[in-house]
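Quick notes on the structure that follows.
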Amino acid sequence: MLAENSYGKLGIRLVKILRRQDRHELRDVTVSVALEGEFTEAHVAGDNRAVLPTDTMKNTVYSLAKEHFEADIESFGLFLSAHFLEHNPRVARARVELVEHPWERIVVDGKPHPHAFSRPGGERRVARVARTREGAAVQAGLENLTVAKSTSSSFSGFLRDRYTTLKDADDRILATAVKAFWKYAAPSGDFDRAHRGIRQTLLEAFAGHQSASVQHTLYAMGESVLEKHREVVEIRLSLPNKHHLLVDLSPFGQENRNEVFVATEEPYGLIEATVRRD
Amino acid sequence: MLAENSYGKLGIRLVKILRRQDRHELRDVTVSVALEGEFTEAHVAGDNRAVLPTDTMKNTVYSLAKEHFEADIESFGLFLSAHFLEHNPRVARARVELVEHPWERIVVDGKPHPHAFSRPGGERRVARVARTREGAAVQAGLENLTVAKSTSSSFSGFLRDRYTTLKDADDRILATAVKAFWKYAAPSGDFDRAHRGIRQTLLEAFAGHQSASVQHTLYAMGESVLEKHREVVEIRLSLPNKHHLLVDLSPFGQENRNEVFVATEEPYGLIEATVRRD
Amino acid sequence: MLAENSYGKLGIRLVKILRRQDRHELRDVTVSVALEGEFTEAHVAGDNRAVLPTDTMKNTVYSLAKEHFEADIESFGLFLSAHFLEHNPRVARARVELVEHPWERIVVDGKPHPHAFSRPGGERRVARVARTREGAAVQAGLENLTVAKSTSSSFSGFLRDRYTTLKDADDRILATAVKAFWKYAAPSGDFDRAHRGIRQTLLEAFAGHQSASVQHTLYAMGESVLEKHREVVEIRLSLPNKHHLLVDLSPFGQENRNEVFVATEEPYGLIEATVRRD
Amino acid sequence: MLAENSYGKLGIRLVKILRRQDRHELRDVTVSVALEGEFTEAHVAGDNRAVLPTDTMKNTVYSLAKEHFEADIESFGLFLSAHFLEHNPRVARARVELVEHPWERIVVDGKPHPHAFSRPGGERRVARVARTREGAAVQAGLENLTVAKSTSSSFSGFLRDRYTTLKDADDRILATAVKAFWKYAAPSGDFDRAHRGIRQTLLEAFAGHQSASVQHTLYAMGESVLEKHREVVEIRLSLPNKHHLLVDLSPFGQENRNEVFVATEEPYGLIEATVRRD
């Protein structure tokens, strides 16, 4: 009667300072660990003998971070997931998610400071590693990359039914908070460089596209990533349509030539699709 | 190259007043709609002819709410999903989620007021309907039902490794915010009554259980629902372990006999499992 | 050059279990402490000799909670503020805020359970104590008491200028999240009973009022508290107008007789006033 | 019996595109308006004849933004506050707050794009204008400028009492989310340039300071602003101490040389002070 189950620790807040000789580096991540396997007695009989406490998972993350979190979050995720599988025979699958909160160096007198940082705050970089006895799969991605374009976006010629009141828009604001996750062909490589490149490709595709809809731009972004980054086998994009409504200024004797908008939170469109290499 | 895709409207905030002769009823829901189907031209070519705007989905929800949202959220979800499938030949699957924010009547002079209400705020009732040309599936559930017990909970005898520092606890606070979703055998019935009954079963199982772990209590809760509610074929429970840490008062010459705790947000355990009828 | 200054600890999450013989009580509060006084050297010269660490404030809250948090939050706030003044000669003013997150007993077989609780989640009870060498002032209050009435509320006959497009409404939804703080004539008394009574008075005044505006209802609520509760010398009410917009269903051939509304978050009106005894 | 009162509209979300010949500019602000004056009949008698609806305030913001929001938020706030005072004889004081959500241009091929933008997300720029019949006062500021330094910060030699368990730290992480508001001597000037300069001064003072405490760094930041920016007469700084706790790795046979930390949210210190020109 016990079907799919997992347990783990979420929200493990880890900050690591890499104390280089001439400068510090600051890594700020939120780690989550989840284990799946044969845990029937724990559920049915309250027998904890096979249960590694989630508190131990947390300790493990901090302890292993000391020696093994020197490079990118993907590599640390691969290491962590291998550790949990290796030391827990009951575990069939270990999932590790790392959400990185990026910091930048404060610039003083035109130069990046060696140990003072600021955090922009919105965008997050994410790595997800899932590992079984057969091997590991790596998903990399980003969340909350908020972008907008003030022209080169339209939405017209759509299906109409008796509930349709929306008018064609041949020039509108297109705004979204990009959530993108992609799979690498192999669980290795220069993850930092790949991430930087894919992020820039997403931004350029968004900026340069003549958009007929969010779907249209989503696909162009995904296609562009697959074209320029051979290491990616598929990418999933999730684009909320953060509607900017043109304010009707005619009651006040004014014409609104696409200048004044209301930014709205709710309701919002959500367009999601996976673009996969043939 | 276009793989799985869907689009829809989220965050449609709908309040309906049912103006009965002697009293009003207040329904407060957030509706989300997502459609899946054959939308390749929209993505690849920017051809919107088959795309029903998400703005129209929103209008449809409000318009159909006028006549057809008289009873529970499950029934309205079934109606909405049928509407979208029926009027959109391209659509293979329509998903509707309704999150209800419950209101209670204000009590004046010991009597429930006919048109004044208060909203407790935490817990939400949820219905999820997924419909294809073959039929509809209904998931009902609740989120953020925050509960705690101040005794009858332990966690001991667990697996230890070199990273384990947690001590056995034979009497601890167990606190969680229950998220539960269950599937009904049939997409019909008295959904309000079923929901009320299952919710009470979950509460009683939580309160009455001698807990050896969150897993143990989770299973007891799921088992109890399956035993008492024949209409349920499976239930998925997701229980964050909202840790309450015993404060070490010994530096101040005091003994803390399970009286003073720190409530923490992060990190937190997360225990998830599905309990399914054999 | 150093003007007004204060420092303290916020977000001290304290849960206390009162282990009565036949049942437990659960107190769940977030405590904040702020101290003001002569701290110039700390700011100007980095001299910490007079600075009690905020970590110590936190420890003090937990340690004193063990013995002295037996009754209401106002009394504990009075005790805490007295402690900080007494032990810190430099401190001229100590402010303590306690936000209580109320829990209710789970009902099993029609009876309140002795040690299992649920937390509704929205409303918070608040006490604010400010103490100087001259004495203490107590403010009590509540936040996020979300209420609505589906009729007996209008807004019409208002001032119009060239930017006014709002139409008179003779029957509308009035919804708000009450924030109310009142001052007691004396810093003593049965704070629990007073709070319970004032809360009920606010609810009854809201429910029973024939409202011509939020201002009108706010004043009626304040006036009612002053009339019925002699121990209160003034009350400050802050009422956001949580707008519910009537949906225009006429494009779909429907008439909306005050039945279908959009609940909005932004923008919102905010009406604030203090009602004071003459 | 009616004492202090005000009413207004909050959360007016305004996006304006300035459509220059060769590029667009994007302004994204949340505007709040509050009016104070003689509104006794509205409260006591429900007489709305003197009440300008908050909906009209919202309309006014959008309409005036069309012609008069060309430059900085301070100037638009001054214009708005003057409008409300001029057209509402009952109003004694108009307060306008503008919170700007900054956007940056997306860089494509090394060049800033003319109409595509990204939004970092964390920091906000704020202007607060308060105007009476006597004149206007301008406060400018910023919120949520999150910064950290991984060394050059200590906290030691502090006051100890029986509740003190904190140890001296001669090298720690100092992290905060700066909230700063300053008053200009005159309600005019190049507000954009002043804001940019003061922000950079705050960053440089934070980065370059040898910190003995948050108080110490706060004062150094405020002093530096007053020294370098003659147009500022006082600055109020509010610095949460976002504690980073050193993880005890000794149970795992490791030494933690200020490398691995837990970032915590609660509890947190809060240090606030005003630094004023003599």
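Just so it is clear, A, B, C and D label the chains in written order, and each chain counts residues from 1 on its own.
Definition applied: contacts are C-beta pairs under 8 Å (C-beta built on N, C-alpha and C of every residue); 3 or more make two chains touch, one makes a residue touch a chain.
What you see is a predicted model, and the numbers here were worked out from it, not measured in a lab.
With contact taken as defined at the outset, chain B and chain C are each touched by A, D.
The most distant chain from chain C is A, comparing centres defined as mean Cα coordinates.
For the pair chain A and chain C, the distance between mean C-alpha positions equals 37 Å. Chain geometry summary: the mean Cα position of chain A and that of chain D are 28 Å apart.
Inter-chain centre distance (chain A to chain B, centres taken as mean C-alpha positions): 25 Å. Those residues of chain D in touch with two or more other chains are numbered 13, 59, 63, 163, 165, 251-252, 264-266.
Taken in their complex, chain A has these residues touching chain B: 1-13, 34, 39, 42-56, 58-60, 63, 87-88, 155-161, 163-166, 211-216, 218-219, 223, 226, 234, 240-241, 265-278. Residues of chain C touching chain A in their complex: 162-163, 165, 251-252, 264-266. The residues of chain C lying in touch with chain B in their complex are 13-19, 24, 26, 28, 59, 62-63, 65-67, 103, 106-109, 113, 115-123, 144-152, 173, 203-204, 206-208, 244, 247, 249, 251-252, 254, 256-264.
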